[in-house]
Each structure stands twice: as structure tokens, then as C-alpha cells.
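All chains are identified by letter, namely A, B, C and D, in their written order; residue positions are counted from 1 within each chain.
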Amino acid sequence: MSRLKVELPGLSMRNPIMPASGCFGFGKEYANYFDLELLGAIAIKATTAEARFGNPTPRVAETTAGMLNAIGLQNPGLVGVMNKELPWLSQFNTPIVANVAGTEIADYVETTAKLSKVENVHAIELNISCPNVKQGGIAFGTIPHVAAELTREVKNVSDKPVYVKLSPNVADIIEIARAVEEAGADGLSMINTLLGMRIDLRKRKPILANGYGGLSGPAIKPVAIRMIHQVSQAVDIPIIGMGGVQTAEDVVEFMLAGASAVAVGTANFTDPFVCPTIIDELPGLLDELGVDKVTDLIGGSWKTCNVHL
Amino acid sequence: MSRLKVELPGLSMRNPIMPASGCFGFGKEYANYFDLELLGAIAIKATTAEARFGNPTPRVAETTAGMLNAIGLQNPGLVGVMNKELPWLSQFNTPIVANVAGTEIADYVETTAKLSKVENVHAIELNISCPNVKQGGIAFGTIPHVAAELTREVKNVSDKPVYVKLSPNVADIIEIARAVEEAGADGLSMINTLLGMRIDLRKRKPILANGYGGLSGPAIKPVAIRMIHQVSQAVDIPIIGMGGVQTAEDVVEFMLAGASAVAVGTANFTDPFVCPTIIDELPGLLDELGVDKVTDLIGGSWKTCNVHL
Amino acid sequence: MIKKDWLTISKQETIAANIMELTCSGPLAKQMTEPGQFLHLRVDSGDDLLLRRPISICDVNVEKETVTMLYRVEGKGTRRLSLKQEGEKIDVLGPLGNGFPLDATERGETAILVGGGIGVPPLYYLSKQLKNRGVNVIHVLGFQSKENVFYEKEFSELGETYVVTADGTYGEKGFVTDVIKEKQLSFDTMYTCGPTPMLSALQSTYSDRRLFLSLEERMGCGVGACFACVCHVVGDETGTSYRKVCTDGPVFPVGEVVL
Amino acid sequence: MIKKDWLTISKQETIAANIMELTCSGPLAKQMTEPGQFLHLRVDSGDDLLLRRPISICDVNVEKETVTMLYRVEGKGTRRLSLKQEGEKIDVLGPLGNGFPLDATERGETAILVGGGIGVPPLYYLSKQLKNRGVNVIHVLGFQSKENVFYEKEFSELGETYVVTADGTYGEKGFVTDVIKEKQLSFDTMYTCGPTPMLSALQSTYSDRRLFLSLEERMGCGVGACFACVCHVVGDETGTSYRKVCTDGPVFPVGEVVL
């Protein structure tokens, strides 16, 4: 099955499929459903320096073809992840992407410095969609120079390649992508969730206790595809694509747009077997499309066609 | 049925429902399906100074719970609209919102100056999502001072109230909203479409001939609700809400978020009778919710509740 | 006049590889008198597939209030439609568009109906009506391969019928245009529906004849409001003239629109 | 062990205002031995409703491989579920969560089962199993109004049963807590499921008793991976301890979690 293989900075993936951060916990639960060694990689839940409980409930709400979440980065903190979650995951021969979050640059730096030294962490994924307390709560990911600075500081201390996870809630995604590339990012993950909201008609208040939440699922796929298409042509670092992936067809669409690997988030909730199912169906779909190796797809929508955008 | 009445600058609406610009042509087609006097108002297709053919086809693509369009502002031009479309519409006692587009400020000014003098045009809707040729193709709507300048110039020449239609493809919608409010906007329309894309797996190229297109439909509703919730608390001018409205429940959700009236776009394509159906169902839903007048709903999610965001 | 209604599925079956024959009934069928018009189907009431699907009218029994459509299972919508059972209802908008002009052919004249693949269905209702009016009908039907051929018998009952497959696995081998030439088929009017390359070939070969072409384009509204389905007009120098496939077409006379 | 499978609907009917009784069959039912566990249902394969719906197990026949669920038609998902016909299949994940501890009550002891509204269903399977183990069961079932009452007869066959309605249109008037006091019902263990205000009232009144409460929370995954359904732990000073309703619960002993 070497036709599914993908080599990315730090990640030697047997196939291009990984669960997306926050949608797969630290792997334990889904290990009851299938062998985690089937996966190309695993992006674990965001880790912050300190343990966090996160937001009050309700934390999720359904929307048409999507869902909102405002989990609030609940996690056992750096120590908990290093002492408990990562050792448990080390039984699997599957590269781990450690997602890192924080509210100040120092948080990110501390967490990355330690996490990136753990043997079975193969790459760091910087979640720059978090609100930055120093900048009055504006997300790091919406201001190019802030995103770049964060990337640079984190790269300085990281023992492993760093993927910066971009927020789609910006006017010009290319600008941010270029800024973090210049600051030394080894790769990009995109997209994180779109900021959204739902209101309970009877209670006259937001369904989420937090008010706003992140929109994910197939509803946002066209935005993800567009941004990956834009960014992959503007940078030289690889992209892990995500946003509404549910099927092998979706994976191909993301790779044609310019992604080198693909993460599956919300779809795990709809179907806990979605990742192995996609991996299973990919070879047949490649045959149907006359594609030899999955890597041949990367950027196929702009590498081989003469449409100017 | 005065409980459905809404009074907005220039628009005395018998109910809060209007078809959204670009999704209802100039009314002729849907007049075959129902009486246009049932509607609260009608937003007609974008008018540009000169007639435009628009983009090559395919111009639409379906996405999960949404659609992409890249019509490219096809329209008969100012003269065509003034000589043919508006006179035909004058037979209906329903206020007309004339949507204005362009690629330079001068285009907008010229078009508004003339259109706003037409008797049955009751308000101007400035489509600031159009790419600005002078600014290298970046949309007017993504840069606050550009949006403000455009608003100011157009307000200078307009005989009728001006609603500025905001693009959701920005990091900070409040900033833009405030900028156009200060520049004299009488109201806001939000949201326009999110920029998206779909790729044909077999042809390895975008489904839309134009590559990218605007995402509309229920998929984007949570983004619209969130932006309206944010902006309605930050400005003092009324908002015409839109983005994925399909049902009377959706209308209530938009109004609770902070909209004073609601436009229905994509849903007209799914069901040509959607506007009259919603209007029909609104009173029953108000009863169910114990609401007397539809205007009592406006901003209800933040006016009456103590959730802080 | 009703324009949107629920039709009830009375029969649905596979008649060739991926080709379904769907028969529905309901009073709306009574209005489907013009061959070449289409119906705009809402596959189901789920919100994931928002757009309607345009499908041509293939046959109508006005008295029995039934309409038959043939469609190819392509993507999500037609796949889901193909799972619908007898007795289920579908939301249908139509009949829409301008169909084939019957009166372009006089009684006693010969019309040749040229179809390609999933463009074949609307020609069936057309052929029946032409024949009823005393027109002599010839059919040239092109398909990819043997397994894709459908309605050969039905067309044969109305007039001379040539089936052509691209791979030669059934009938003549090649393109419909080859067969028309080889067999030296003569005609007064030509009506055609099929893939754009086929239409282009016919348009350039028979540009001086009475030729009517049915076009396909991605649609939004299907009723003329959204400008999704436009095409340029031949000879328009401004570049801003247009025809809408959904309301001005789908059938156009040769030389009117740019293919 | 199978954890996700298709069950076939064998029966679905309305048993009270907006309350449906849904019986399904399939081998997965054999694993549903623990009362208080829930199933995570995918309403249909459309992409518009992405999340599964948690519904409690109300009754199981392990030999016949059938499971019964009772649900209230609330929003889009349950509305669509209610339209499903006999013979249709549904995608079910489960059984999930930790149910009611049966061994908290000894043979010969008395258990009081207190249900409110749509919290009543899981108590039925619990009651059957307790009774099988020689436990004396008493039921106090609260509903809004007469039209919402269901399963009174079924519960009565297992033990003493009090129905309470908020508006007094049926049975006793008031809240379940009133009835327990007024009738001076005595018990060794209390098991309860219902709206949070009811659970809170019971928790504060019976905090020193053997009490088990089943909680409800909006869920994402249902399997413990997404942290959507957490609650705080009583007495946790760090504020970071938590329990997940989907995997640690939905049933918790009194005093464990913050309601």
C-alpha cells in the first residue's frame, strides 16, 4: 500500500489520513473501535501549559451540515499529557502531532519546548486561533505579525517540525500563511473553525453557554478548499488540509486543492469508523481516477490546469 | 397583520421578508408564482453603470447545504434597469431596494445618483464585496477606510437611504460596520457570501469556470447569526439579515440575533414559494413563542439576557 | 396554472447501465404537453442538497396524468433519487423552458432526431408527437457502449432507428454524425439533444438547415431569475446579449447561441 | 464486540402527545444488558444532521434481539426519526455509558424509581431488572399534563406506581418530590432520571441516601473523545476535575458531580 504513503516534515505517514485535533481526544476512546496503527498520524487534543476545564456546557450545537463547538481547550495540561496520554499512545507505531494552545506567547513556548522533546511527538501543531490576552483577546491568527512572532518563538524552542494551524476568520489568508512561513513554519494546518452562533428561539439566548463557537463539518468545506487552493500556490511548505472531510472523495478534493495530507474532525462523531473507512476506500478511488500514488494528487487542480484565478 | 410590520429607513415593510439581491432577478420570474405585493420589500439584482455579461459558465455549484455562485454581476446596466426593470416593478406597491455594484468608486457614485432618483427605488444597497480595481482587486468590503470612503461618496449623491452590504470575509466585522456607520450608512445588510470553491475530481479543476465563488445557503447561517449578533450591539443603525434563511424559525433566529428585517436568497431556488410561505407561517410562530409584534424580537438574544460574550 | 406540485412515483427501474426510468403521476402531468421541456426536481426535503435537478420530460400520458423521465445516476442527487420507492412523492417544479418547435416540420416531411447519451430521453416524447402530426421520423441515437443503450425498441416503433456506439459494441461504430453521412439520411428538420461536442459538430455541419438544439447548463433557479445558465448570442458585438438556457431554451434554433 | 450496527425498525407508534415508541431489532440488542445506558442514533444518512442523537434504552428482549426506545419529538432529528417506517434501518452506536448499578440494592430491599417526563423511559428496563433480582420497586412518574403520560400500565405491572402531573390533569398534582413526601414512601435506594431541576431537588433532599441520578447533556461524540458533555466534580478545588456524561455517566451516585 505504499501508494498511499506521504512524507511530511517529521511525519512519515502510511497514508494521508489523520484525525483532527480536538476530535479524537488522545486516542483512547477510538482505540476501542479500531487499530490506531491504521492511521497515517494522530493529532491529539490541544495541550496548554496548565490543566483547563474549559467552557460551561452546552458546548456543542448542531447547525445545518455542521456543528458549533466551544469546548474551551479543556485538557489535562502539559504535565498530564506528558505523564499519561503520550506514554499510553507510545504503544502505537503512528506519528503523533501535538496541538499546542495558549493565551500568551510564553504559554506556547513553554508547552512546545517540553512536548517537542517527547519521543513519540513527531510534530507540533500551533493552534493560533486562540484569543491572545495580551492583544485584548484578538486571536493570534488574525494578525500576520503576531502570528509570525509566535511562530518564530516557538520554532526557537521546538525539537520537532512546527505546523501552524491557520484560522479561516481572516480577510487575507495568504498574508498570514506567508508570514508564518517566513517565520520558519515547517508546514501549515488549515482550516480551523469559522466563528459562528446559534440562538435558541424559546430561551432567546445562544445555545452554546459560551455564546459563540467554532463551526466545523461539511458546511465549511468549500471555504477550506478555497483557502488551501490559495495558500498552496503562495507558499512552499506542505499543508495538512481539513474542514468537513467525510469521504475518500473529500480527501482527493483537498489534495487536488493543494493539501499534502488531510485531517478528519467532526466526521468522527458522525461515524467513529470514518478514518479507517476512508483509508480503505482510497485505493479504489485512486484506481477509478487513474491515479498511481496519492501524492500525485497534491495541487492537481492548479498544477495541471490552465485556469487562472 | 400589522404585527408583522417593520419600519426601516426608506422602507415601510408590511412584513420583515424580502428576497435577497441576485436571487430574485428583477422580480418578473417569481411574479409568475405569487403576488409580489405579499413581500415586505424586494432587493433587485446588482446594477452596474454599464451592462455586464458576467462570468463564463458553469456559474453555480452545489455544496453540502450550500451553493457557490460566480455570476459575475450580470445585469442590463443602469440604463436597462431604469428603462425596463424599474418601470415594470412600479406596478407593485412593494418597496424596492436597488443593489449597486462597481469596480471603482465612480461607478458606484454614478449608478447610485441615478437609481436613487427613481421613484419606486426606496433604498440603495451598496454591494461592497466587489473587487476594487484601483486597490488591486481586493474587495472594498475588507478594508474599513475604503468601505467608509465608498459609503461617504455614495451617501453624498443618494436621494434615498443607503444600506451597506457587508462581506463576511473579514477578521473583524465590527470594525467595518462601525466605519460605514460613521461614514453615514443608514443601515447594513449582512451577510454577503463567503468565498469558497469546489473542485471536480475527474477534471481536476474548479467546478466554477471562475474558480472561486460565493458560498450561500444554510451552511453559512451560523456565521451570519454570529456577525449580526456582534454588529447589532456595536452600531445604532438597523440590519437587514441574510444568509441561509429558509423558514420562519430562521427569520426569528436572525431577528433575535439583531436583524430588523430578513432577506431570503438561495432558498428561492429550492422553493420558489419560500417567501410567501415564510410570511404565512410567521404569525403562527409568533403566537407559539408568545410574541406580539415581530419587532419585539429584534436583538432579543442580547437585549433580554445576561450572557456576556 | 399549477407550477409546482408533488408527483407520486408509480414505477422506477434500471433500464441500462446507471440509467433509471422513473414514472410519476399527478395532475401536473396534464400540463406537460411540449416535448423538450424539463422538470426541476427536488430530490428530497433534506437540507444538504439545496438545488433542484433539471430532468427532461421523456414521455407523458396526459389522460392518465403520468410522466416518465430517464436519468443517469451521476452524483449525489441522482443517486439519492434512484433509491426512491414506488409510492414516495417528489416535489416537482415545471414544466419549464421552451421545448422543440413541432410546427417547424410539416405533415409529410421528415424529421431526424439525433440524440447522444442522456440527451436521448426528450427526443422520445418529441418523436411521438411528430409522428402523431404525420411527420416521418428517423432516429439516430449515440451511446458510449452496448451497456448504455436504452429505448431502442421504443424508438423503433415510431420510425427508422439507428443506434451508434462509440466503441462499436452495439449497432454502428463511431459518432452520430458519421452515421448520418454514411447512411446518407435525408431530412427536412433536425432536432438534437446531447453532449456539447456533438451539438457543435451538428451545428457546424448543418448550419444551413432547419436545426434545433437542446442545451444543458448548470442551473440555480431554473426559472430565469439567477442568471446561472446563460449563453452568449451569435453575432452579438457588445458581448452582453445572452439567452438563458432555463427559460429561453433549453431548445434553440441553429445559429442563435454560442455553444 | 460490535459497537455500531444497523438495527431494523420493527415497530414505531405514538403512545402519548409527541412521544414515540420505537422498537428495533438486530444482534446489537444482545449487548444491551445494562439499564440506564443509551444508544447514539444516526437519524439518516443525509449530511444536514451531522450529530447522532442520544436515546436511552427503555426495554430489551435479549433473546428476540429487540430494543425499545421512547422518545419525544423535539427538533429536526427526532421529527425526522418519527417518520421512519417499519423495515427501515437505523445506524446505532452503543450501548454507551454507565447505567444504573443494580447491585446497589439487595434482594428484598425497596427501590424507588423517580422519573420526570422523557427521563422516565430508562427506568422501565431498570425496574424490570431490579424486580427480577427480587427487589421491591416503587415508581413515581412525573409528567406535564395528562396527554403526556405514558407507560403507566407497564410500570404498574412491576410495582406500585404513582403518576404525578404538574397541572393536576391526571394522577396526583404537583411534583414528584411532593408525592414522595405526602405518601411517605420509604425506600432503600433511589434511582432517578429527568430534568435537572428535579434531579437537584432530589439530590438536596436525599443527599444522605443511596441515590443514583441520570444526567443529560448535549453531546458530540458520545464516546468520550470530544469533551462536549463534561460536568464539574463536587468538592474539586482545582476546578479542573470533570466527569463525562457520555462515558463516566450518564448515571452518577449522589454527590459526585455538580448538577
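Definition applied: a residue touches a chain if its C-beta (ideal position, glycine included) is under 8 Å from a C-beta of that chain, and two chains touch if they have at least 3 such contacts.
Remember, predicted model here, so these are calculated numbers, not experimental data.
Novice: Just to be sure I understand the contacts, which chains border both subunit C and subunit B?
Specialist: The common neighbours are A, D.
Novice: Could you tell me which chain lies farthest from subunit C when each chain's centre is the average position of its Cα atoms?
Specialist: Between subunit C and the rest, the longest centre separation is with D.
Novice: Measuring centre to centre with CA averages, how many angstrom lie between subunit A and subunit B?
Specialist: Each chain reduced to its C-alpha mean, subunit A and subunit B end up 33 Å apart.
Novice: State, to the nearest whole Å, the distance from the C-alpha centre of subunit B to the C-alpha centre of subunit D.
Specialist: The answer is 46 Å.
Novice: For subunit A versus subunit D, what separation do you get between their C-alpha means, in angstrom?
Specialist: So the centre of subunit A lies 36 Å away from the centre of subunit D.
Novice: In subunit C, which residues are in touch with two or more of the other chains?
Specialist: Each of 47-48 in subunit C touches at least two other chains.
Novice: Subunit B: which residues touch two or more other chains?
Specialist: Residues 64-66, 218.
Novice: Could you draw the chains as nodes, link the ones that touch, and say if you get a line, ring, star, complete or other?
Specialist: Graph shape, chains as nodes and touching pairs as edges: complete.
Novice: Can you list the subunit D residues touching subunit A in their complex?
Specialist: Per the stated touch rule, the residues are 3-4, 42, 47-52, 77, 91, 93, 217-232, 238-242, 247.
Novice: In the complex of these two chains, what residues of subunit C are touching subunit A?
Specialist: Residues of subunit C touching subunit A: 47-48.
Novice: Can you tell me which positions in subunit A touch subunit D when the two form their complex?
Specialist: 22-25, 28-30, 32-33, 45, 51-54, 57-62, 64-67, 69, 71, 74, 76-77, 217-218, 246, 266, 268-273
Novice: Name, in rising order, each residue of subunit B that touches subunit A in their complex.
Specialist: 63-66, 68, 138, 142, 169-172, 194-199, 201-206, 209-212, 215, 218-223, 225-226, 229, 244, 249, 252-253, 256-257, 289, 300-301, 304-305, 307-309
Novice: Subunit D touches which residues of subunit B in the complex?
Specialist: It comes out as residues 64-65, 218.
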